[in-house]
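After this come two complexes, each holding subunit A, first together with subunit B and then together with subunit C.
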Partner chain A sequence: MGSVLKRWKLPAVMLGPFIILISLFYFLPVVLIAILAFTSMDSAMRWDFNGLANFQKLVTDPNIGVVVKNTIIYVGFTLLFNVFFGLALGILTTYFIQKESVGLFFRTIWMLPRISPPVVYTLLLLWFFDPSEYGVLNSLRALFNMPPDKWLTTHPMTAVILANGLIGASFGMIIFSSAIKSIPKDLFYAASVDGASQWSVIKDIIIPAVRWPLMFVTLWQFLSLLTSYEYILLLTNGGPLFESEVLALYSYHKAFQNFEFGYGSAISLVLVLIALIFSALMWKWFGMKKMMGSSRIE
Partner chain B sequence: MRKMKKVTASVLSTFVLGMGILTGCGKTDQSAESEANANKPKVVTIEAQTAAPEVTRVENLEKAAEKLNEELKKQGKNIQVKVKTNVFEGSWEEYSKQFMLAFKAKKEPDIYTTGHENIGWLADGNYILPLDELKKSKEYSDVFPVLWDSVTYKGHIWGALQDTEARPVFYNKDILRKLGWSEEQINNLPEKVKNGEFTLEDMTKLAEEAKAKGLAEFGIIHRPVDGPDFHVMVYNFGGKLYDPKENKIVLDKKAVKKQLDYYYDIAKKDLIPDNLTQMEWSNIHKTVVNGKALFYYGGIWNVFNWGQDNFHEKLGKVDEKWVNEHFGMMLIPAAEKGGKGITLSHPFVYTVSSQTEHPELVKRLLELVADPALQTEHNVKTFHLPVTKGGAEHPDFKANITLGKVAYMTEYTTFLPNHEGFPKYSKAVFNAIQAVELGKKTPEEALKDLEVQLKNDLGDQLKIVE
Partner chain C sequence: MKIELKNICKSFNKKSNTIDHMSLTIEDGEFVALLGPSGCGKSTTMLMIAGIYKPDSGEIYFDGQLVNDLEPKDRNIGMVFQSYALYPHMTVLENIAFPLKQQKVPKEERIERAKQAAEMVQLGHLLDRKPSELSGGQQQRVALARAIVKKPKVLLLDEPMSNLDARLKIEMREEISRIQKELGITTILVTHDQEEAMTMADRIAVMRDGKIIQYSTPMELYNHPKDYFVAQFIGTPPMNFLKGKLSNNQLRLRNMTIELDRKWLDFDGEETDVHVGIRPHDLKLGNNGDIRIRGIVHMVEPIGHSQIVNVKVGNEQVRFFVEPNIKMEYGREVEISADISAIHLFDKATGRSLKKDSVNQGQIEELVS
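Presenting the complex of A and B:
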């Protein structure tokens, strides 16, 4: 008895707070959402269980088609943008710019949108897309005698994807540039002695070396994009109409604008399920188990 | 197994220890407070909350508390009331949401000031107390009778009427002058609207004329976001929004179709800005104040807003006198010739939290705050209308050039229903209006989608009238 206590005292003291934090802030919300999804909780905040009514409502919701379509477009294109643009930035700032201080300078610039608070960043974007002739984009158009355009009305999804893509790219950039840096220099020297073209250096050395980070970034960004809505909320609030409304934002609107907490939770629960299924699938497709093994460059 | 138990025990004890430290902190504060207050008269703090910018709504409660304290002294009670005010800044949805959450955390204000249409969900959720005795009190004996409808829900009174307003259509006098109207014609327009001689169709035609002649950039401006103004059109087209007998929201398909036709029509004729529902409020005010629009579906309190910020390009803040020289105010013209002009009011009310510890003191405070002088101070400062005849007869109110012109509108007014599901109806109708204005849907399509949406959102709370 005494020895067991002795053995577990330290780990318990060390891990206890974290286990509490994780269960309070990560696990409990999911459990609560799962329970709430089966209630008709509204502004009266009563736990009235109503079976599968919320899910039936979700299937018959006239907006759900367009919202799901938007979610696919949003997650798909932003993910492409995040991963490939992040990779391009990583290669540019580590391979093409060999001088570390210069590369670091450019990487820092790309990190700025991520460091700035979302509200401030979105405010700048709102000014960038402003429909009046004073907006940045429109004043550029004015140089070519083009009339001002209402960007957020005419191209809401493009604006949302661009905004999220530009922020998200810095995440990939950081991961990829450190992966590229860890490639032994000899490989590059050997390639240049053999007279390899830049393209073949990228294709045959860099890409294979960053294969695992590439998959990690894809999975990670996919999950965070699926549930993120703050930039859309601030930029277009899902509008005009439902043109830039995605599932996560729809859940927020239902819960906190219409005060249908039960229904909003049901939508969130569907999102959680989608995330779980895709994580499992990607884990399998990408062979994550193999990734956890030893490094392939040695 | 035993190991597991140990781990669980350790984890739990860490947790309990943490909670102990937290609650310990709370206790010391409380005991210090009670010791200090032992000898003085017992101070009862009543919290009151309102939304910016009309802070007079809670400031008046502070003044009413002074009277209440005198009363309490006379009665020989060792109690003094202190009103703690709180002004919320943010959207109306956030204002509702924070009250909901504060209530559940037992940190809500005792008096929550809100629009009358929130009574439905507040009462259904047991957030507020019924205030039926207010109707019998001396202070509320001369309330304009129609206003009681706005605070009645399921047969009870749920709020103390605080103020009401007029939502007139502002018309730009300068543009009418340029169209060749005489001063007399311009000043007679409200009368013609009132009698149904100048109809909604005439208004649209006039806006077209002004736009065609290049005198106005826009013919008509309405609010850019969801709100009560849109629903008055259903009443104007002879429809209903609510069935009090069944306590159900009504989708009056004929009237709503005409409502959507109207917004489709003014958008198609290019009378409104094509991104009106994406515009910021400040841009709406700028467009109107700078004379770019002939008609504006506004609110009387806009006169107050225009004096608060620099909306005019040259003059900056504009005062009441300037507004009255350049703008006239009329009812919303009747949909048909020979009908009557119409408007919608949105009385503001004080509601009382059902968790308040001092319901009697709070109720007495709400009686005292209905004092005509206090009402008038708020009304004149923020351009609202009184709820009692006493308030309407106050000399300062009568002397006000703006308010005097719209006081008659209370007789032509309508209200939104107090039903809990109405915000959902409102949001769905606003989306439909947005869709027809942006040209994404025809009124027929929008109505069809609206019906599906409302059936889904409201379920058996909805009654459809063909």
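Presenting the complex of A and C:
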């Protein structure tokens, strides 16, 4: 007994802080949401359990249809943008631009929005989309004698997808470019001796080598897009009306604008479930185990 | 296809030339080896011939046509890389057919020709495997099949056998030689293994620091090395070297003074430190030769048909062969000897051979062949 204690003392001391932190900041919120989802907690902060009432409300919510549709459009298109644009940038800055310093320069430019605070980046975007004639986009239109447009009102979803897509692309770009750089040089030499076209090099050498990173980035971005809303909040706040409202933002609005904490939690819980189901499906489809296990180029 | 390199320079930094004013001619159908230690610029030379690197200056001609600006795919070459560089997600058949696919050869013909190439390297039974499911030797064969499938005019082999074990190496050597003869294809083999170069090539270019030191037939390199570096590099076990002094026609070697024929020397007569080289095969136990050396038996390595004996001569070492039935005792003093015609002399300062007949003999052989 004493020896068991002795054996586990050091690991316990070393791992303890991490376990506490992880349970406090990762596990506890999920548990809290799961409990809150079955209460009617509001600004009075009372834990009154009300069974499935929140979920009944959810399915009969008149806004839910448009919010779900928005979520699908937002996640789907931003994901496409993120992954393909990230891949294109990765290929561009490693394969087509062979000079390492130039490639690094381009990659750094694309990293900038990612490392600047969302508020600053959003301010830039707001200026870009500004409805007055001084907005960047509208000044460009003025060059062609076109009247200014209220971009964020007329095309809220497009603006939101563009903004998020551009930022998110840097994540894929970094992962893809390091995967591409780890492809042995000889493979490219062999391809050029064999007479392969640029397109064939991309299709037959680069894409197969980044297959696992491609799936990883897709899943990772999918999960983060499903649950993040800060750029939408700052850019359009879901408006006009519900035109760019997505589930995560809806949950936030319900909880912190209408103080329906119980209802907001129920929406979040649904999101958590969707994320879990998709993770499990992708695990199965793409052999996530293999993908997590090895980062080697096959 | 005849390949000519004229005054090629290539540099990767501003300080030094990786390839330094190199010229080389390879006749149509010839099998030439580029031989040299690691880092001397063999692969760089080969990649320039392939068109993957561009020379900084100088010209490359294929059959008299300048190809400096021709892309690799337009040079009609096949290449095997040291790493094999097989496409990892394609099967053996797809790998071999890849160059044909790029040439837009129709699918049926493509598969037919890929299968023929696979048969040629004895891979017919493995067509559906992925490269990761093959042994090193099999991967090497796939790489070879991929290189020859489009019937190129030139075959480039960059250390193709350095990852194989000794037995497989010998097997692949024969295989590559056979295929080269069958196709009559101009072939360049890069290697740091002198035995590989000696056994396979018609001619060998010995390289050091981006320069060609000697370019001749294997036998010529073996019998008449023009340079100390070449003499050291060629032959197993390597040539023995003893320090000596040469002045006029007198060679002082240990406690002997040997009279040499002046006609025999390419030498101005001034006293010079020299390396005296004697091949292990030219040394015999006993005192029948002109040059006699005493030494202490230091190591004996039996190799079946013979034994390699290593004796200490002062603080230098000399290797030679002894019949397997003679018992050699460690620590005993023995006398060995060689004919005077068997020795090689190299200027210690410049490495240049001081024997004239190497030049004459070389010219005669070239006239004959």
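The working rule: the second predicted complex is superposed on the first by the 291 of 298 C-alpha atoms of A that agree within 3 Å, B and C clash if a C-alpha of one lies under 4 Å from a C-alpha of the other, contacts with A are read in each partner's own complex, and residues count from 1 in each chain.
Keep in mind that, in the parts below, a contact is a pair of C-beta atoms (placed from the backbone, for glycine too) under 8 Å apart; a residue touches a chain by one contact, two chains touch by 3 or more.
Bear in mind that the values here come from a model prediction, so they are computed numbers and not experimental data.
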Practice item. Quick one: on subunit A, after the overlay, do subunit B and subunit C clash, or do they fit? Just give me the call. Key: fit
Exercise for review: Name the contact category of A:19: first (subunit B only), second (subunit C only), both, or neither.
Suggested key: first
Check your understanding: Now for A:62: first (subunit B), second (subunit C), both, or neither, which partner does it touch?
Key -> first
Practice item. For A:259, decide between first (touching subunit B), second (touching subunit C), both and neither. Key: first
Point to revise | Comparison of subunit B and subunit C by subunit A residues contacted | key: B
Practice item. Examine A:233 and indicate which partner it touches, taking first as subunit B and second as subunit C; both and neither are also allowed. Key: neither
Exercise for review: Answer with first, second, both or neither: which of subunit B and subunit C does A:104 touch in the superposed model?
Suggested key: neither
Exercise for review: Check whether A:201 is in contact with subunit B, with subunit C, with both or with neither, and answer first, second, both or neither.
Suggested key: neither
Exercise for review: Enter the shortest inter-chain Cα distance between subunit B and subunit C once the structures share a common frame, rounded to whole Å.
Suggested key: 43
Study note, to complete from the structure: After superposition on chain A, the subunit A residues reached by both subunit B and subunit C are none
Review point. Across the complex, what residues on subunit C touch subunit A?
Key: 47, 50-52, 71-73, 77-79, 81-83, 85, 87-90, 98-99, 102-103, 132, 146
Exercise for review: Quick one: which bits of subunit B touch subunit A in the complex? Just the residue numbers, please.
Suggested key: 2-3, 6-7, 10-11, 14-15, 18, 93, 96-97, 100, 104, 121, 124-126, 274-275, 277-278, 420, 423-424, 427, 431, 434-435, 438, 440, 449, 452-453, 456-457
Revision key, fill the gap. Contacts from subunit A onto subunit B in the complex sit at residues 1, 4-5, 8-9, 11-13, 16-17, 19-20, 42-46, 57, 60-63, 131, 150, 152-153, 239-242, 256-260
Practice item. Can you check the complex and tell me which residues of subunit A touch subunit C? Key: 184, 186-187, 189-190, 192-197, 200, 204-205, 208-209, 297-298
